[in-house]
């Protein structure tokens, strides 16, 4: 069955697809930034723009939610989904901004690894969210959620390994302060992805 | 139209007005403290009292909400509004407490600047919340919300500038740890004010 | 009156009792760990297992909530209760994991004290939650909630005292970074217990 309850102009599925596309763009750009470039004003601005576009679509979803009586799934789930997807992009921007504030230039192999896992996870999130439109895809939606949960565990281990290393090598406390925060924020992106997966899974349960 | 659905004894508007008045008191006292005084036991206690009074009114709102069937706007918005207003005062107390624990005496020009922006933002929050009582004021309520959002952006830039400076001058890592936290907490107050503005804006949308 | 609205197989009270029992187990094991043992792989794994068992019961509660129409108290309170109880165990695991990552071996008297207060608070939480099953116990439920609130205040003072001491003795900034986080996380466990008590209190108010 394809959900088609809503007039075109307030189709939540379209809005969520746009929102996850921004999240995927942000995750890809994040990976490119930490892999290749140093963070200059232009790249920080581009990330800020993505964050801003994400914000606008989030508020669009909230506004329509407040004005719409019939929604394709529970209002609280729509709200939570939009909020968490917004948080993904916000956190990616936060990390890029911190790299700039802390003047941490140049690629760091640990952060590059995090960025890869983040990109994978955000792509799985996107597939899960897009699959919500069609009940026939619910089995694969569920599999994408499992994958997001798996990647969050991968991120936990990475963070622990990286912090052990950081504190063992620790010569300069200032550098420890900076990188500890960057790595923890990177892991937080994966936590937020997991939160999205939980919302998606609860939508599946209710529709079952 | 003036909302007057509720018997005097459980008028949520009166309670919210009291709560935002405490928040304004706390923000003003906070500014005075970081501008003029060092944090002694008496000033810490006074801030604690404000936080406690805020707590009491918050729980009063929650209790009435739990016992009331007809509310002037959505229950979840009333809950969120009371919670976020409470968080403003809590965070101000947290900062003052940290200044005391870290023995950071004397005025710091960056924190003084933050305190000014915080006071402006909390006052705008108060005007927005008080305006909810009367639909004729909804246009100005909306403008106060825009102002709160603007001040949050001001706070973001201030925090970035201040952290760049802090890490550039960084001689003593212990001092970096302390001030980084104080400045981030100060910016968080503005984030919470923005959260209040979002709740208020969603109330406006629903009443429109 | 004893609530008995629900078929045995989806009795939320049974699930909550299981969940608080895991929380009490985790708090007791946490106290034993920080008192006697250094954190080896086996003890970290045991704590992880408790966290995992807690997770499973939490998701069990969420799933049943999504599938159940009649619930013994408000859906949002059931959700909040399960979420906060889960957070208690998560945070205890987080602390043990950090002790391991930071290679902080051996008993620290401050942390031992925190662990005692945490165990007391989690036990009071357990008594409060278990009492929800029977309206005749509501008076004692309320008293357990007051006790949890009291212990949160005790924790606040402990954290302040301990941080003053930590920053006064501060020779090694790396050690300050580590212990500051551990102590703050320990206090956060008590904050979460207080959040549970607030949910319980709001359930009481609604049932009154």
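Just a few scattered comments:
Letters A, B and C mark the chains in the order given here, with residues in each chain numbered from 1 onward.
As a convention for this text, a contact is a pair of C-beta atoms (placed from the backbone, for glycine too) under 8 Å apart; a residue touches a chain by one contact, two chains touch by 3 or more.
Quantities reported herein were computed from a predicted structural model and do not represent experimental measurements.
Taken as a contact graph, the chains are fully connected, with every chain touching every other chain.
Least-squares overlay of CA atoms from chain A onto chain C yields a rotation of 120° to the nearest 5. Both chain A and chain B derive from one sequence, and where they touch, under half of the residue numbers involved are common to the two copies. Chain B has its Cα centroid 28 Å from the Cα centroid of chain A. Residues of chain B in contact with at least two other chains: 173, 177. On the side of chain A, the complex with chain B involves touching residues 62-63, 66-67, 97, 101-103, 173-174, 177-178. Of all residues in chain B, those touching chain A in their complex are 160, 163-164, 167, 170, 173, 176-177, 180, 202, 205-206, 208.
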